[in-house]
Structures are given as structure tokens and as C-alpha cells.
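Read from first to last, the chains carry the letters A, B, C and D; within each, the first residue is number 1.
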Amino acid sequence: MTGQALLWGVLYALPIFVRGDFLLTIFIFTFIYAILAVTFDLIFGFTGQLSMFHPAVFGVSAYMTYLLATNCKLPFWIATLPSAAAAVVLALIVGSICFKFRLKTFYFAVVTLAFSEMIRLFVMNWNSVTNGTLGLVVAAKPTIYWPGSGIVPIKGPIAWYYLTLVCLSLTVLVCARCLRSWMGRCFGAIRLNEDLARTLGINVFRYKLLSFAVGNALASFAGGLYGYYTGYIDPGYLGINQSMEVLAMVLLGGQGTLIGPIVGSLVLTGLPHAIDLRAEIRAILYGAILIFTILVMPRGIVGTLNAWRAKRGA
Amino acid sequence: MKRVSLILAVLALIAAPAAAQDVVKIGQIEAQTGANAIYGWMSSQGTALAVDEINKAGGFKVGNKTYKLQLIALDTRGEPKEATVQLKRLVEVDQAKYIFGPFLSNVFLAVRPYAAEFNGKLLMWGGATRIHDYVGTPGHEFLMRTWNWDAGKNGFGELMVDNLVKTTGAKKIAMLFQNDQGGKVLEDIYVPMLKQKGIESRLDYFEPGTKDFSAVLAKIAAWKPDFLFPGYADSYIYDIVRQATETGQLTKFFLVRGSLGPGLKNKDGIEEYMVYVPKHFEEAEKKDPKVAKFVKAYKDFYKRDFPYDQAPLCSSSCYDHVYMLVEAMKKAGTVDDPAAVKKALMSMTYDGLWKIRFDDKGEAIFNFDVVRLKKGGALEVQHINPN
Amino acid sequence: MALEVRGLTKRFAGLVAVADVSFLVQPGEIVGIIGPNGSGKTTLLSMMAGLLSPTSGKVLWKGREIQELRPDIIAGLGVVKTFQNPQVFAELSVFDNVRVASHLALKRALGFRRGLEIVGAARGVEERLAARVGEVLALCNLGEAADQLAGNLSYGEEKMLGIAMALMCEPELLLLDEPASGLGRDEIRNLEAVLDKVHRAGTTLCLVDHKIGFLRGLAHRVIALNYGQKIAEGSPEQVLNEPAVIEAYLGAGHARA
Amino acid sequence: MTQLVLGQVLNGSIIGAMYGIIALGITLTFGITGIVNFALGEFMMIGAYATYALAERGGLPYPVAVIPACLIAAAAGYLSNKAFFRFTRNNLVNGLLVSIGLISIFESASMLLWTATPVEMHFVLPGALRVGDIGLPKMKLVVFAVIVIVIVVTYLGLARTWLGRAAFAYAQNPEAAMLMGVHTPRLETAVMLYSTGLAGLGGALYASLYSLEPAMGGVYVLKGMEAAILGGIGSLMGSLWGGVILGVIEGVGSIFLPTAFRDAYGLAVLVAILLFRPSGLFGDE
């Protein structure tokens, strides 16, 4: 608990100490990816379903948010809602197919990955709308109401830092609420022993689907933010490597925790810039670090810390 | 928590600015690893080589002060996310005023907004096709494109197509492009161009990562084109040419930009292989001492034999760019006013490995060779100088 | 009547596990199903709980056919089954195990209003259920083990936890698959006491076991199976004196004893 | 048109066989040892570059170069098993992550050695067999033959030999197998050696057909996985058939439909089949 409070405290206070676009940008990307990682952990770490569908939702929502905002003249925040809705619809379709047919672990992963890939190819070749491989340049910025100065666009590292941090906090909050409730109990039951859960009157299909839908819906906001922050959207958003990256973040930080994914995201986003070596060596080191962390700490950084704290406590 | 503070510490370490007076910093953001590394990796090689030579020669004099170059080459892995952070690092932490790259359009488009904030305080020159859309436009004075453009007055594509039609009377051209930014840009340029020149054309895309083209090639062959026009990406042309000639499906190739290697390798399979190369190195090495020197320097520096394919196109160009930049600094009499340096660049013609100058928008124009390869390997080189 | 099994049959590739079995379970009864291993007891119970779907025949609960329904729905209707080799959420504490099982109770209490509970409303219900979990644990004499990890429990305790979870589902009919198998004497006595309390609280019980001693003390009515067929039904005494049973079953039983 | 399609059916099966040999590796490691090795593509890459090095730089004749290439790949496999994979037994995600790490390591290492610029071997067996409008490169036919032989031999070997029976006993129930006296770490090592060696062979054959670049492994491991699942994890012949089906679908698909979607055709079929046969075409229910 205290560790978490400390982490949040540090994150919110950071801009006071850390100036400069460079460092803050690392954190901004950390937060956006942490949103993906946390929501992925909701599906994977808490409900036990290894989903590879995040890239699809990430990309589709990025495109939708931008297209709605520009073509329908909607403000950014309104535009994110239909995108989230779209994410839910996609999740419900793909999810119900997979869960109806009782696809587990490996197979579930592969089928979700397949759907994600097909969506990517579709987005990539639907030139008239998505501008295909050329991608879309996002000039606009999200706006907020600021007391005194009215509606202002969100510009500059500090503003974005807090914008993304708040979005992350909200995501974590929603997830935490769900997980602390009966919903979380059902997710856990499904992860730990599906058959037992069934005999105890838990509708396994429904709750798997629920977790999948909630996770993807929340993940969709990351897409919108990312698109507007980098100012450029292309089919690369839907690449498989995104799945791998998010998975790595969650495993590294600690699956089945809400803080773990954030830590993992911070490590994996910061690491490449922390290692100041020539390209190839850096990539090798990066891989080695991935492997050794997971072999030395199978429960991830936070998981290990918790276990250690527990041992010391007991 | 530990981790977080640790990383912060490490980052802080990097962040410690080490700006010495007599050093001019050159930042570079290119993909040196990853699937799209081919251009970026070679460019960074050329740059590194030039910087090393200049420093070994004791740096260069601007006004009455001698400067050395410091190259900070960062690997974007072709990821916009990485590149954005890295550019910010280069500009803020290292306070580099001269940025080489990027070669990848998706990277460029992601870093552009940030770079634009430093308009006038920065000079960025990259090869990315999409830079063409911005270079010379208001608010992008910091931007220069190191590649010549296909279409237009000095467009090499235009020249190539005219040349092809004039010499072969081709009527049907089949295009086979990689399904990515570059491919799409090519489509937008060449489909209308060919149409307007009264040439019948068809276009097929292939997924990046494709290695076996037999399906699409068979499809194209059934259409019976006069020439096959594969896109730019060097990594595919070897496979395309081999697979097309091996089965004798297609034997005439037309590359507006590419390398000679695939043609030479399949010289008995091809009937005709017409290609634009920035320089026909095999020949130039014998004639032009500058080229010979460069090739030798490359071999010594990297302890590796010189790749005569498209790759040198990048390495040699970036090699030239470094020298050109230094010349411009001397000419402008300053090292820390990118605007002045750009003015100097725009007004000069650099005669290095290539003859490079910039058009009024800030896009490079340089001489190149058109090489025509016949069955059996008969070569016919034609030097074209748009200057 | 509470539950009716009508001509229930289950075939696994070739062999017949349960052959045309029919019987009734009246409300408030304790029915025992006996038979040697492999006589189809567990298969029969699993079909009643919806874990297996029968090849033919019907299971009627309050006149409604349930044999094709999903297990979670059947549990929702009030028919809950425990497992022969105990199934628990090993990584959760005993308390949390039973807390998970309170899902149906919550559903009954709130229906879809439980959505509100996520935003913090309807906390009261949750607290009531938490309290109820405590009661159930106490009833099953697991009170002091509440904070242990279920994975660290003894075999007997795990079985008891299984029953506790089933009870938390507020069953009208509780199906127990060999609850006594593998238990020590004291544990069995404890089990009997618990089941007695449960029954007094108004829950109908249907037990499967091959330990006659155990059932004789408990069951009002016993059904004997052999090779998937019902060979006898009646009060424990009647059934135990049934020649078919003696021959098919008790002989074996004596031999084992 | 029919000739166009027929040509792609043949050509597709050949390409599919290449997927098949990776699929076989995946099936073996996952089916028998429960270890997930998504880095197989990298061992393929190692085999390919090793062949290139031995044949072009070392001047060995291609057929001779192939064997040491396989051994090199197998050696790399042995090391990565000793160092990493054996700790990821029956742990899908850890295996996945270790694989991601290994991919990054091997790819960059080969970039250091060979640079990002693609290299191509001299043509081992140029020219093509022509029947009507259908032209099939001779080398492709050789590759196809080799792969089919290898897979069939593996199949027979695993069905007949002691090692094979042990392997399957182990796959069914490791503990029991251990009691039966199957020395499990040795078995694991054997499987790992064999599967990576196969990948190496795949790479060696690949090198005779296509140009090489450090990132080549990525595509193939994905296809191999698709093929393995299509055929059914644990089914050896299934991996071959899975690969062939995949290759044919892609080939024929790109004839009638835009080639830009090539990968989607295979995936769509994969999904469809998984839904109706969750354990793949030849996997046992």
C-alpha cells in the first residue's frame, strides 16, 4: 500500500523536480503505454486470458478519435467515447467468438492475434478513410476548460504529463474498483479454477467477456491520447510488436497487480534511453535484461517486492 | 520504486550537459536496427566515417577558431515513439543544432511538430519521402531534404520514364511496390505520370516481409507487360529479379532508383535491366580519385569490404553531407546559427562524391547515372547532371 | 416434489455408465446413493448438476427440465454440487474462497443493481454477505482457518471448504459426491454434525458414498446402484437387506472391511 | 487461368513446406517438453547465415555447408535451452518473453556480423522446370523433397524408436515417464537440439532460395506457428499439412484477390478451422 501511495506521490510531484521535454516525454509515453498495460493485465493477469487484441483496439480508437474529431467537428473528449464504444463492440464480437468456442491460453492468444492482424490489414488498405500507409497527421490538440482562460488547447510537456497521468490514474481507479467488487472475485475465480467457478453459479462466459470488453474499452483511450500526442497516426499502431511490448511490460512489472504494469511500462520505456551504447549492443543488452528479469523474478518486479515485503512482515 | 529512482538517476546522468566550446554537435536519428534499418544503418555509417575523417584531420576552421565534430547517432529502431524522445534529447540535453535524418517517413512525421517548435534554431536534413510535403513551406525553414524528387522539372523519375520510352518504346509497365509509405508515394507519383505519358500500367502491392513473389509475379506475367518496375526497397529487388527471371516469366526491368547488383547477378536471365544509380561505383572507383578514396576509407574504417549495391547510395550521400555542412559553416562564418548555415547551403554547390545543390525549396538536386544492363552483362552507363 | 430423475442414461464410447435410472428426492429429505466404485454414482450426480449432459432421460427440478442447462444456471436454481476430490481456489484465503461463492447470493439480493455496487453504492449488501461468510465458516468449523491459504489446508479441511462454498450458494438441494471418502474418524464425525445442522436448516441433501456406515446414520432413503443400474431403493435397513445389494455390494464391502 | 492456379498450388505447397519445418520444431518443443520457443525463426536465421558464410566465404560446396550450418543452429539451441528455455517449461508467457528477448539478441548479433544490407548466395541450382506456362525453380523442388523426407523420417522415428515412445510418454505424463526411467532433462535437451537443428536446416534451405537479412526470422516463426496450430499442436504430419495448406491458400488467394492482403487469407482460414476443430486439423480431440 505505502509503496503505491509513494509511487503516485512521486509521479504527481515529479514535474516540480524534473524539467525539460526530454525526460517528461519518457514519462508521457510511459503513462500512455501503462494504460494499455494495466488494461491488458485486467484481461491477462486478473482473468487469465492471454489476449493479443490490444493493438487493434489501440489503433482503431486512435483513428476513430481523430476522424470523428475532424470530420464531425467533435471535441476530442467527446470523440473518444464512440471510439471506446467501437472498442467494446469489437471486443464483444471477437470475445464471444473465442469464449463460445472455449478457446484457451495459446489458442485464444493466436485467434485474437489473427483478428488483430486482419483488422490491421484492413485499416492499412482502406485508403479512402485511413489514408492507408501514408497515415494521418494530427494537427489539433485536445482542449480543456481552464478556469480564468476558458477553453484552452493542451500544449507543452507539463500539460501533457498531467493529462496522461490523470488518464492513467482514472484507468487504474476504474480497474481497482471493478477488481475490488464481485466482478473482480468472479474474474479471479475464472482465472484460478474455471470448473469450480461454474458450479458456484458464476457465468464464466459472461465474465470473461465482461473483462475482455472493459479492458479493451479502457485501452481505447490510450489510442486517442497517443495519436494526439505524437501528432501522427499510421497502421504501425496495430503492429503485433505492440502486443509483445505490452506483454513484456506486464510480466516485467508483475502480472496480477495494478502497479506492476506501470512500473514495467516505465522500465521498458525508459530503458532504451538509459542505455547509451551503440545500437546493436543496446538491443542485445535490452533482450538480455528482459530474459534475466523474467527468469530471476518470475512474478515481476512488483510481485517480487510484495512477496519480499510479505516475508519480512510475517 | 527502487527501479523508478534508479532509472531517473541514470537519465539524470545522461542529462548532464557536456557542451565544450570548440565542438559542433551533429545529432542523427536513424533506424540502425530493426526491420527497416537498411537505409538508416548505411547513412549512419557514411556520417560516422566523414566525422571521423574530419576530426582526424584536426577539425575545421571557422573564423579564427578550430572546431571538431561530435556525432551523436541514436537508433530509432524505426519507432516514432523512440525517435521523438531521442530528438528531444538531442535538442535539449545535447543542444545539437544540426540533425541528420530521418530516412523513415513515419518517424519524420512524428518528430516534425516538435522540431518545428525550434524553427530557425535548428537544421534538420533527412531523406524521408514525406519531407517533400513540408520542405520549403512556411514554418519549416529548419527543414531540408537530402534526396532529389521523382517528379517535376529536375525529377529523376520523369527523366527515367522519358528515357525508357524514347529508347525502348515501352507501352505496358507493371509496378510492384511494397505496401508502405514509400510504395504509396510512388503510386501517387507514377500512376498519373505514366498515364499522362500514354503508358498503360498496373500496380500490385506486396506485404512488407514478403520473400516469395512467385504468386504475384505469375499474376503480373499473365498481364504481359513490357517492363516490370519494382519499387525502391533494395531488400526485395534481389528476390524479385531472381524469381522473375528464374522461371523466365519476366525479363525486362525498369528501376527509377535502385541498385545494379540484382541485374548483374541474374545477367543471363534478364533481357534488359535499366536502373538509376546515384553513382555507378564500380566504374567511378576507377575513374574518380575521390570515389576511390572513399571506398578505401570505408574499407579501412569498418574492416569490411565495400557494398556496391544501393547501400552506398546512402552512405556516400551522408558522407558528402557532413563535408557539405562543414563547408557551409565556413562559408557562413558561424557554427551556431543554423539559419545562416542553411542560407549558405542553399547558395552553394558541393562537388564531392556527388555534385549536390539544393533547389529553392531546400530539396537536393544531384547528378546520377543511368545504367542499362543487357543479357549477358553488357553495360551502358549514361551520366546525367541536372545541375 | 423437489427433484425427479427420470430414465437417466449416460454412455461413454461403448460402456454404459448410468442405465435408465429413475428416482425422486423429496424436499427436506436426505437421500443416499450407494454402490461400489465405478457403479456410476459420480456420473449420475454430475448429470444432476449439469456438469455432464445425459445421453437420454430427464432431470426435473420443481417440474422444470434442467439436464441441458449450464451448471452455473442450475446452481442458480438451487442445486449445488461438491466435488469428490476437493476443488478450491488454492491461491485465495479460506475466507475469500467462500466470499467468491457468495456470488449467487449477491445476485439474488441485488440483481442487476449490483452494477451500482462497483461505484460504492449498496455496500450494505456486501457487508451482510461478508458476515454471512463468517457464519458459514463457523458452521463448518473453519472459523479459525479463515485467513489461511486454501492451498495449505489438509485434505479433510479442503473437502469441508468445498461444502462451505456450496452452502454459500444457498442451495435448496445439496449434492455431495463422496463427502466422507478419505476422511479420518473425527473428521467424519465432524462432517456428520455439519451435515445434520445443514439439514435442520432446511436444505435437502443427496449424498453419494460407498461407506454404508456413514450413510446408515444419516440417510432417510438409500438408492443402490450397480453397473449403472438401480438395484434397490428404500430405507437404509431395507436396502441393506436386499439380496441383490448384499450380493452385488455388501459382499465386496465385507471383503474390503 | 487454370495453369496460373495450378502453378500456385504447386508453388504454394513448396513455400508451405518451409513453414512446415518450423511448425514441426514448434510442435515438437511445445508438444513434448511444454516449452514455447517462438525464437525458432532466429535459429533459422542462424542456419541461413551460417550456410552463407560457409558456402560463400568458406568456399564449401552448398550441400556440404548445410550440415555444419544445422549443427551450429543446434548448438545455439542447446545453449539457449541450458541458459533460458528449460526454466520456462509449461509456462507459455515466460517462454514468450524469453523468446522476445532472444529474438532481440540474435537479430542484433547478426546485424553486427552481417549488417542490415541483405546478402544473397550464389545460385546453387539455377533454372526452372517448365510444364506449359507453369515454371517451378529446380531448387525449390529439391527443397520441397528434402523437407518432406525430413518430416516423414521424424514422424516414423518418433513413432517407432524408443526415444519417440519416451517422448510421447513424457508429453502425456512427465512424472510417470520419469518413473518409467525416461531421463527427462536429457529428453528435453534432445528435443531442443533437434527442433533448433531443424530450424537451422530450414534456414540452410531458405538461403538457397532467398536473400538473407537479420530480421528474416520474424515472419517465418509466425507462419510456422500458424501452420503448427492449423495442423494441430503435437501432430507431426499435421505440421507439414498445416504449412502446405497455409502456403497454398496464400498463393492461390493472391491470384484472385489483392496481394496486399496475402497474410490475411491464411489467418482467416486458421481462425475458421480453430473454431470448428479447436485442436487443429490433425490434433487429437
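Keep in mind that, in the parts below, contacts are C-beta pairs under 8 Å (C-beta built on N, C-alpha and C of every residue); 3 or more make two chains touch, one makes a residue touch a chain.
In this text, all values refer to a predicted model and were calculated from it rather than measured experimentally.
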Common touching chains of chain B and chain A: D
Shared chain contacts [chain B and chain D, defined touch]: A
Of A-C and A-D, whichever chain pair has more C-beta contact pairs: A-D
Farthest-lying chain, centroid of Cα atoms versus that of chain A: C
Mean-CA-position distance for chain C and chain B (Å): 74
Geometric centre distance via CA averages, chain D-chain C, whole Å: 50
Distance between chain centroids, defined by C-alpha means - chain A, chain C (Å): 43
Chain A-chain D separation of Cα centroids, rounded to whole Å: 32
Two or more partner chains touched - positions in chain B: 32-33, 179
Set of chain D residues in contact with two or more other chains: 107-108, 111, 258, 260, 263
Multi-partner residues of chain A (each touching 2 or more other chains): 124-125, 279-280, 282-283
Chain-to-chain touches, reported pairwise for every pair that qualifies: A-B, A-C, A-D, B-D
Chain B contact footprint on chain D (complex, rising order): 4, 7-8, 11-12, 15, 107-108, 111, 115-118, 120, 123, 126-128, 130, 135-137, 209-211, 213, 215-216, 218-219, 250-252, 254-255, 258-260, 262-263
Residue numbers on chain A that touch chain B, as the complex places them: 3, 6-7, 10, 18, 20-23, 25-26, 29, 124-125, 127, 132-135, 137, 230-232, 234, 236, 263, 266-267, 270-274, 276, 278-280, 282-283, 301, 305
Chain D partner contacts - residues on chain B that touch it in the complex: 32-35, 37-38, 41-42, 179, 204-207, 209-212, 214-216, 218-219, 222, 234-235, 238-239, 242-243, 246-249, 265, 304, 307, 309, 311
Chain C residues within the chain A interface of the complex: 49, 51, 70-73, 75-76, 80-81, 83, 87-92, 96, 99-101, 103-104, 106-107, 114, 117-120, 126, 165-166, 168-169
Residues of chain B that touch chain A when the two form their complex: 1-4, 7-8, 10-11, 14-15, 32-33, 75, 77, 80-82, 84-86, 88-89, 92-93, 106, 109-110, 112-114, 130, 179-181, 183-185
